[in-house]
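All remarks here apply to the structure that follows.
Chain IDs A, B, C and D follow the sequence of writing; residue 1 opens each chain.
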Amino acid sequence: MNKIVASAAEAINGIKDDMTIMLGGFGLCGIPENCIQALVQAEIKNLTCISNNAGVDDFGLGLLLQKRQIKKMISSYVGENDEFERQMLSGELEVDLIPQGSLASRCQAGGAGVPAFYTPAGYGTEVAEGKEVRYFDGKPHILESALTADFAIIKGWKGDRFGNIMYKGTARNFNPVMAMAGKITIAEVEEIVEPGELDPNFVHTPGIFIQRIFQGSSFEKRIEQRTVTPKS
Amino acid sequence: MNKIVASAAEAINGIKDDMTIMLGGFGLCGIPENCIQALVQAEIKNLTCISNNAGVDDFGLGLLLQKRQIKKMISSYVGENDEFERQMLSGELEVDLIPQGSLASRCQAGGAGVPAFYTPAGYGTEVAEGKEVRYFDGKPHILESALTADFAIIKGWKGDRFGNIMYKGTARNFNPVMAMAGKITIAEVEEIVEPGELDPNFVHTPGIFIQRIFQGSSFEKRIEQRTVTPKS
Amino acid sequence: MLDKIGIAKRISQELQDGWYVNLGIGIPTLVANYVPKDMNVEFQSENGILGMGAFPYEGEEDADYINAGKQTVTINPGGSIFDSATSFAMIRGKHIQLTVLGAMEVAENGDIANWKIPGKMVKGMGGAMDLVASSDNIIVAMMHTNKRGKSKLLKRCSLPLTGVACVKKIVTNLAVLEVTDAGFQLLERAPGVSVEDIQNATEGKLIIEGDIPEMNL
Amino acid sequence: MLDKIGIAKRISQELQDGWYVNLGIGIPTLVANYVPKDMNVEFQSENGILGMGAFPYEGEEDADYINAGKQTVTINPGGSIFDSATSFAMIRGKHIQLTVLGAMEVAENGDIANWKIPGKMVKGMGGAMDLVASSDNIIVAMMHTNKRGKSKLLKRCSLPLTGVACVKKIVTNLAVLEVTDAGFQLLERAPGVSVEDIQNATEGKLIIEGDIPEMNL
């Protein structure tokens, strides 16, 4: 197996206008920076983006928003982004907000071949509108459907040519579940290592879920809230 | 946090006649040997055991079967066990056979607070009898419900007093999903290590899912099918 | 009357040894600073941490280690990291013993609204809907009234709901209240606050039984 | 006529570079021995292995490394280990390109029965029902007739089903057949086997169009 491609530009080959893509990350942590840049450069339009957040004005998905490449966002939290707010309030941008756990579970279900499942989250709220309600053990639940995407784009720490991925710290977040849910999944990693270097016992995302992998460059890994304990 | 108990006997404290317990393992690989012995010694009866397999005549769950401590088995595959066969054919033992993937998913759902989900597995077979059928994308699916247990008993490789667990090789199997699905989950490990020794990035089962942990002794780890490649 | 730190301190009295706790952004986050000594409590952050520790020392921040508030954090020994699905499996599977979060409104039946103000920019519910739908033990930390002086403890929420009949307890700058079938049961007064003050600041049904003690902070 | 090894060899011709493959117990397992050189195929074992390798050298067996048939195995470089839920997420999520399994009966509409004989000891379906319900590419490896000489390719299965209308192709000791809307389409004959032999051994509808080539092994 050799799933290595040369660059982000090559990795995103086949992503076209009007497609649905999933992007890993929580805030700016663990986002596929290189692929987002490549999508900006490729000027792909009318994208539906499934991502927990929408970046900030000048980083992450904010870069695609600036260029008006996104038609619709499916997210759980979209603060910290003025351009997002402007486009949303003006009606240029469709936004589908869903609970964070439902987002993660719906991606996981999509990757695991579960078309729908019941969850209590969102019952009695706007999120439940139009959804089937069913009681289990006397408690109301709503039926949520699986999410999949034409392409999923994830960010890993180390990977090999089989597509095996390890994540570092909380940069893991949505990446493993979205990796499962892409018809084609692209992994951007900080380092490509030789097969066998990743202990099979500690691979986070088995290579079967990954179709393309490349070593990204110039990761900025921007910090949104730098909080520290003073040394003393 | 200190979830360490001294022994298997102490770990199983509270498991009573007529309870439902889950036991990790696939075949004889990754089974909680020490706790099974303790259950035999405690002479707890009428157990409903959720376990992928039922052991062999003189090892694993076979030891509980010999002593007629099991009322019902919920499993996917129960070959290699004469006593099991005898009890099943004589009607002494109830058996609920369910597809292996459904077993894993139903335990995971139980641990994750998902009361029910749709799956194609088993549609059109005996497994689907009495279950709701629904079509998604034109394909029939059946509604499967979550499984939980009064106690889940799992086998890990290394663990710490917070209950964090690492597994080795395919001894992982059902252990992580069952760990999530026990009202009380007991982990039997080969080695207890100090907190911090297990890299947080590579913990397989986070401690939150474990209520009691102990270091087992005299693991036999029997091999069912010893297959080798001759050296030459 | 309590300030935010006072609210956090009072909530810290609700902690029990061995609990796993999820703290929301804002006042709830402060609770972590007042865990009683000799008590073991583990904090979960829904972006994928169990055993969340202090902020890192200056110069040791790592962009790959943040909490749900996107702040740089550390992991304590005995902690673990996991993906978002596993994180919400902990939450939805009721493995968390206490959830503390802020609110814009709480109704006397336990309904909570904390994610959306119609006509204003909507930032999203994040993990709040999952938390309130699944937790059996939800404490709301908030000011008793909003910036315009209007009560946030209402007969019915006016804002879009986050969850239905889920809040168990409320700790405000004025009082500790329990949500019961009959309404807001007043448990404690903040220092220097009278029952009348609390009654005046509470629109929903307030139940006052016997002497209401002052908080012991 | 083929023996078991011949069936496995013929099935190995169905492999494609880059595929992930799940092989059932019995004849299917043998397919792993005949992967064409220079072709990369990864074998999944549903107990939690991707990149399953050869049996270990004598003395290097490890009870913690077994396959779904409970045999001691090794993991190839580039392999990985995972839990049962993840394993079946791969299977049910259609991440496996080929599933090969044995059968007691296959019906002309693609129904399969391979787990239960009423009145006999039932060992269980293991992962078979999940595999057949989810895979888009299922090849059955089996003898054309049973031990009593009766056809295993039937109009309808007589045994309890494992899955419905799911089998795509069948490789037997006599023939290669494709399951089509019209019935079993005969694709190839085993060496030395005539179309008539195959017809005689097939109870279900057999479709014979033009010359049927002999297998090229």
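Following the convention adopted for this analysis, a residue touches a chain if its C-beta (ideal position, glycine included) is under 8 Å from a C-beta of that chain, and two chains touch if they have at least 3 such contacts.
None of these values were measured; they are calculated from a predicted model.
Student: For chain A and chain B, what is the smallest step count along a path of chains that touch one another?
Tutor: Counted as steps through touching chains, the separation is 1.
Student: Weigh B-C against A-C on C-beta contact pairs and write down the one with more.
Tutor: By number of C-beta pairs in contact, A-C is the larger.
Student: Would you mind checking which chain's C-alpha centre is most distant from the centre of chain B?
Tutor: Farthest from chain B by mean C-alpha position: C.
Student: Any idea how many Å lie between the Cα centroids of chain B and chain C?
Tutor: 36
Student: Give, as an integer number of Å, the spacing between the C-alpha centres of chain D and chain C.
Tutor: Inter-chain centre distance comes to 55 Å.
Student: CA centre of chain B versus CA centre of chain D: separation in Å?
Tutor: A distance of 28 Å separates the two centres.
Student: Residue numbers in chain D touching 2 or more other chains?
Tutor: In chain D, 75, 81-82, 85, 88, 91-92, 134 touch at least two other chains.
Student: By the touch rule stated above, which residues of chain B touch at least two different other chains?
Tutor: 105, 108, 112-114, 119-120, 168-169, 172, 201
Student: Quick check of your reading of the touch definition: is the inter-chain graph here a line, ring, star, complete or other?
Tutor: Per interface graph, the chains form some other shape.
Student: Kindly provide every pair of chains that touch.
Tutor: Every pair of chains meeting the touch criterion: A-B, A-C, A-D, B-C, B-D.
Student: What residues of chain C sit close enough to touch chain B in their complex?
Tutor: Contact set of chain C toward chain B: 18, 20, 40, 42, 44, 50-51, 75, 77-82, 85-86, 88-96, 134.
Student: Chain A touches which residues of chain C in the complex?
Tutor: It comes out as residues 45-49, 54-73, 75, 81-85, 87-88, 91-92, 111, 116, 121-130, 133-134, 160-164.
Student: For the complex, which residues does chain B have touching chain D?
Tutor: 26-30, 52, 75-79, 85, 88-89, 95, 97, 99-105, 107-108, 119-127, 157, 168-177, 204, 221-231
Student: Using the touch definition from the top, list the residues of chain B that touch chain A in their complex.
Tutor: Listed in rising order, the residues are 105, 109, 112-120, 134, 136-137, 141, 166-169, 172, 201-202.
Student: Residues of chain A touching chain D in their complex?
Tutor: Where chain A meets chain D, its residues are 1-2, 108, 110-114, 160-162, 164, 180, 194-196, 198, 200-201, 203, 206-209.
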